[in-house]
Each structure stands twice: as structure tokens, then as C-alpha cells.
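Data first, discussion second: the structure below is written as C-alpha cells.
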């Protein structure tokens, strides 16, 4: 029997490209959940929001989706800081973040999805750019640009975040705040302000990831929910806040999903990431490169 | 406790009799949904409100009950193909299974899955458990969609008999069953509240580490809560295919189950059995009104917005607001 | 005579940081042991490992003849090990009386059989009276002062009717007379047969209370003996006063 090697290779490559994108999607959660310990399950809602905003400007004004979200990222950043402020005052301060904080974000996820449904309807929306469509062919490899460009952009975004965390004071403060708030205070940095900045960044990153998303695939409001499992699976598998771990875990998930979809059909794909998540939580909650 | 149980049964029967007066079918249809949510939100609250562990996967446990029923109903119609000839007469005697039996089976199935999920994840932090329950929903939904025996993505039909001898329409019978289940879950919740178990749950919710140090076997108690909660949700789901006639995965695993079973206890108040009941009646009635007058999408939006508002402004729900009022008045 | 508590070669790391390095300690039944050491020396980590809140990677803990390794914290409490937390951890939604009920319902109940509700009420009232909180039985922890919370913390540890009680900095921030009260309480507990390990920074209290003194510095035990001898030990002096 002829084992379909070229199908496998292409599935793996597609998985790697997808994985790069997943890394950008998860980067925000690595910050908010991995480092700040905020279980923002509404994260995918902000991604989808970014997708729809990119769609809006693309359909009506012909603007490139990535450009839209990058230019609008300061607004998303401010939005994120605002949400954190509400979260902090209502829950963290009162020490009730476990139950009510979760319920809060769940409500936000839900409300965002339904509002998008009311405004845009259930139809799939997609953007039009010059690079959706053509592919680069390299031997038996088939690299669609609509996956290549978001993957490249994602890796860039990811690298930028990694540099921010390791080379700027604020970035290192973010890492510190997850480990020792008292020490941070003694260094004359306000932990609340640092958390606010970090959360704002995680939302801004989510929005940009949304632009990548709508380039890769058409979106409709409930797509966000598929990503909850992916995002947390990658974050936990990658070791909760370890950036390199997140990248590796994202690639791994992307490849496994891609191979499953190619050989067993796409209807099994959601089960892959959520199954990964359950298995990781059950057997190796500290992740691959856990701390 | 016996007094409370007695009163609860009397109230439930009174409600049933009252609804039979106008004899409008719609009242039973709408009422069924509300009473079903009393069961779901009380079940959620046992794990969420009493123990402090959030379950986002209410839909999964509910759907497990529903799909157990579908599987058994389908099995019942295909008996002659699936069962050896010698055993056939026996099976024909017990199938189709009566709904109370289905309820028990649904409860057992969901209880086992609840136990399993808990066993895998309850040793970790509460946040991980919550995320795991989300994952469970999706995994189960995917499994169901790919299993043709229960209809796959196309869904399954379950034929509802037209009449129930002695009561009239079959819907009234379903409503009565669900009322019974609601009484059962409320009685269980109240019993827990006042028992040694309830104290243990409260200690876990307040400070799990200190609870362990005080001698509370936290893992065991959490598993009890998860199993009980899951079982009750499964019981609520078992009659659902008969209620709705056509069961599609989208409706069984719908997000509204997760949102409602969280919103209703949080809005009503999580510390007492009466919170979920109040929250369900208020929110459930509101939703019925909105769905009919505006649209079902707006109705769902309303639930989300109310959830966020209450969680921020009145974290102890309506019961909490009332308690604060009484407390303030007492101080004066 | 075998010791009531036998800690042997305990080791615990957090990532690359060694919190406990080969610690061995024996406590005999009825003894009053003082445990001192600079901040960050590992005292609380040691308590956590003994009580099961943390699991030690190396070494073993034996209590009352039973091996404790691998046992969960609640099981150790059932066997008679009890501790108060350095930073009080009351159950915020329960009244003071109910706070004390928890160990009674889950430890005493387990050990000696079901307690009657009246019995529990009486025991809770008695304990609250011992720490001077009987007027606030129906209050919530948030109504308490810091000092009162520490007393509640101690009372709750006592409610488990332990054989060995570890009091982790129970006197921090108390006034002189309050320290005297707690000290008298702990001495009385000891006289009734309960072994007590006192972790403290208040040297006068530790010196007057302890029959034996152990010193922990940077995860290692550097001294263990009679209090008068230990405080003259040059290593101990150096650890506290520097070179």
C-alpha cells in the first residue's frame, strides 16, 4: 500500500504553520493566566472581536486586516486595562477571584459572542486580501500564503513579546509580579499597575491574533469557543507562562490537529485540543517545560 | 427535615394542580423548562456555591443524561437486531423503559463521569477544574456528533406518547416528573447545608488549605460534590428527549445550559438552597417573556449581562442583598 | 524511649532553591520545644512538611510510631498533629464558633466517634473562653482584630485535640500581657499532656517556655539542645548578629 507521504508532509507543515499562529493566540493567555494568574476564559472573545473589527474595515474600506489591528492595538490595550481595573476592584481585592472572577469572564465571553451574533449574524465572514489564495510550491510542499503570512506575523509578535519580557523593566516586572509581589513593591513598582499593563498587552495581542485568524479561516461568533480549549491546552502544556514552552506546545498541537484532520476528518479536530487539555491536566499539569 | 420535605411536596403538588386549571399546554411546556433549571442550578450550586468549584460543563452532564435516554430508546427499537433470540422476550418486557428508570440511569451515567472528571482534575487548583469542565463539554459533544447510533450530527427522534393514563397529556406527566426531581434536589441541597458534609464543603470553599489542616478530607468531599452535582444534572437531562422530541447535539450541548446554571445561582444567591430557586424563577420567567416578546438571542444576551452585573455589584445574590438589609436593620 | 515526632533527614527544594537541607529532629512526648531562626530559614517549610501541607522529597517523618510520608495533611491531623498558621487563615464565611466546629466535626469525630451537637457547642464555647473570645462566638472573622485572629487560629488548632501542637508565630504583634496570656495557655496545654513546638521570634517567650531549643539557619539545623547552651553557641550568635 502506498503510504501517502506527501499528504503527511503537507499535514505536518500545515500543522507547523498553524502552530505558529496558535502561539500568537496563546501568548496573551500565557501572560494573563500563566504569569498573572487571571483565568481569562474570555480571551478568545477578544480574538474574535479583533477578527470582526478587521473584517469591518476590510469590507468597507479595503484596509488590510493585520494593519487594522496593529493600528488599533492601543485601543484594545486601553480596553484591556479597563477590564483589569474592573476585575481587580470587584474580585481580586475582595479575594473572590476564584468563583466570581471566573463567572465574570464567562459572562464577558458570552455577552461578546451574542452581541457579535446580533450585529453580524451567524454567517461566516471572511476578508479579502492579495495574499489569500496564492500558495508557494516547493517540491511536494504546498505553502498557502494565507497561512504563511499569519504564521510569520505571529512569530514576529511572539519574538517581540519575548524581548519585551526579558529586556525591559516593565517586562521583567511582569515576570516578577507572578513570583513575588512583595519584592516587587520593595523595588518601587506598583504590582497593580504592572498587572494592568500586562493584561492590557494580553488583550492587544489577542486582537492582533484575531486579524491573523480571519486571514487563515472565515469566522463566525461561536468560533471563539473552539479556541478556549486550544489556548488553555497550549498554555498548560507549555508550562504556564514559559514563552519557549508555549511555542513548542503550540507547534505540537498544531501538528497533531492537522494530522488528525487530514486522516480522520475535521469533525474530530475540536476533540484533539480539548482532549490534549484533559490529558495534560490529568497527568502532567506542570507542562513540558514546567516551572 | 421531614417537615421541609413535606412542605416542598405540598407546594409542588399545589403548583401542578394550579396549572391544570387553565389547562393550557404551553404553561406546562414553559413550566417544564423552568423547573428543569431549578434542578440544574441547584445541582450546580452544590459544587459551585457550597464548595467553591466552578463547573462550566453543565451542558455535558445534562446531555449525558439526555443521550443515555436516546441510546436506550434506540436500543429498545432495535432489540430484535441487537439481542440474541432467547433473551428477546425478556428485553421486550422491560423496554421501552419507563422514564423514572431512565432518570436513574441518566443520573448514574453522569455521576460516574462527574466522578471521573473530578478524580482527574480535583487535585489541581479550582481554575484547572473549571477549564477541564469546559473541555469535557466539547470532547463529549464531538464524541456524540461522531456516534451514529445516537443520531450523530443529524440528531435523533424520540417519539413522545400522546397521552399518559390518568393525567391527560404526556407533557403533564413530564412536568410532574420534573417537579418531583426539583423537590428531590432542593431537599438534598438543604440537607447538605445543615449537615456535617455541608460544613466540610464550606470549609473547602473558604480556605482549602486550612480545611485540610483541620482534618477535612478535601479530595473525598470534592469528589462527593462533583459526583452528586453531575448525577443530578444527568437526571435532569434524562427526560429531555421526550420533552423535545428531536434531539440534536447543538441543543443538548447548548451554551445556554452552562450560562443559566451559573447565572441563576449567582443571581439568586449561592449560600443557600433557596438562592438557585429564586434565581431560576426570576431569570427563567424573564427569559420566557423575552423570548416570546423580543427574540431568543436578546434573551440570552440579557442573561449574560445580568450575570456580569450581579457578580460585580451583588456578589452574594438576591439572598445576600436581603440578608444585608436584615443585618443592617438589626444593627439599628 | 521512641520519640513522639521523629523527623529524619528531611530535604525540600523549590526549583533550584534548597529550602530544607538534611534536617533531623526528635521531639519526645510531653516536651516543650522551641524552634527559632532568622526569617527565610525554613521554619515554616519544615512545619509544612511535618504536617503534610507540603511533601518532602527526601527523608521521612514519623509520628506516634506511624510513618507519615505520603499521607495527606488531613490524615496527619487525624493522627494527632495540629498546627496554627503563621498568617491566620480563618474560614471567612463561618462564625467563630463554627470555625472551631470544623476540626471537631472532622478530626475529633473521626477519632472518637460522632459528637452530639450540644457537646460540640459546649466544647467550642470552652475553647473560645480559653482564648478570651467567648463574647464574639457569633461574629465573623472579618470583625476581629489582628490579635484576636491569632487567638482564633490557635483555638482552632487546639479544637482538633492534638497530641502535638505546632504554634507558628502565634504571638507576633501581641502586647506584653497578651503574650503572657498565650504563654500561660500553651503551658497549661502542655501540662495537660500535649506536646508543643513553639516557633517564635520573641526571645523572652521562647526562652521561658522551651525545655529544648533548636535553631534553623538557611535550611540547616545548626543547634539543638538546652536553651542556655544554644544561645551561647557561637554559630547561633553569628547567625543572628552577623560576623
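Observations, loosely collected:
When the chains are written out, they are named A, B and C in that same order, and each has its own residue count from 1.
Quick note on the criterion: contacts are C-beta pairs under 8 Å (C-beta built on N, C-alpha and C of every residue); 3 or more make two chains touch, one makes a residue touch a chain.
These numbers come from a predicted model, not from an experiment.
The busiest chain interface, judged by C-beta pairs in contact, is A-B. Chain centres were defined as the mean of their Cα atoms; on that basis the chain farthest from chain B turns out to be C. Look at where the CA atoms of chain A average out and do the same for chain C: the two points lie 46 Å apart. Separation between the centroids of chain A and chain B, computed from CA atoms only, is 32 Å. Among the residues of chain C, those in touch with two or more other chains are 92. Chain contact summary for the complex, chain C toward chain B: residues 51-53, 72-75, 77-78, 82-83, 85, 89-94, 98, 101-103, 105-107, 109-110, 156, 159-160.
Residue ranges on chain B touching chain A, taken from their complex, read 48, 52, 54, 56, 120-121, 124, 126-128, 130-132, 134-136, 138-139, 141-143, 145-146, 153, 255, 258-259, 262-263, 266, 270, 297-298, 300-301, 303-305, 307-308, 311-312, 315.
Across the interface of their complex, chain C is touched by residues 196, 199-200, 202-203, 205-207, 209-219, 271 of chain B.
On the chain A side of its complex with chain B, the touching residues are 33, 39, 41, 86, 90, 94, 96, 98-100, 102-104, 106-108, 110-111, 114-115, 117-118, 225-226, 228-229, 232-233, 236, 267-268, 270-271, 274-275, 277-278, 281-282, 285.
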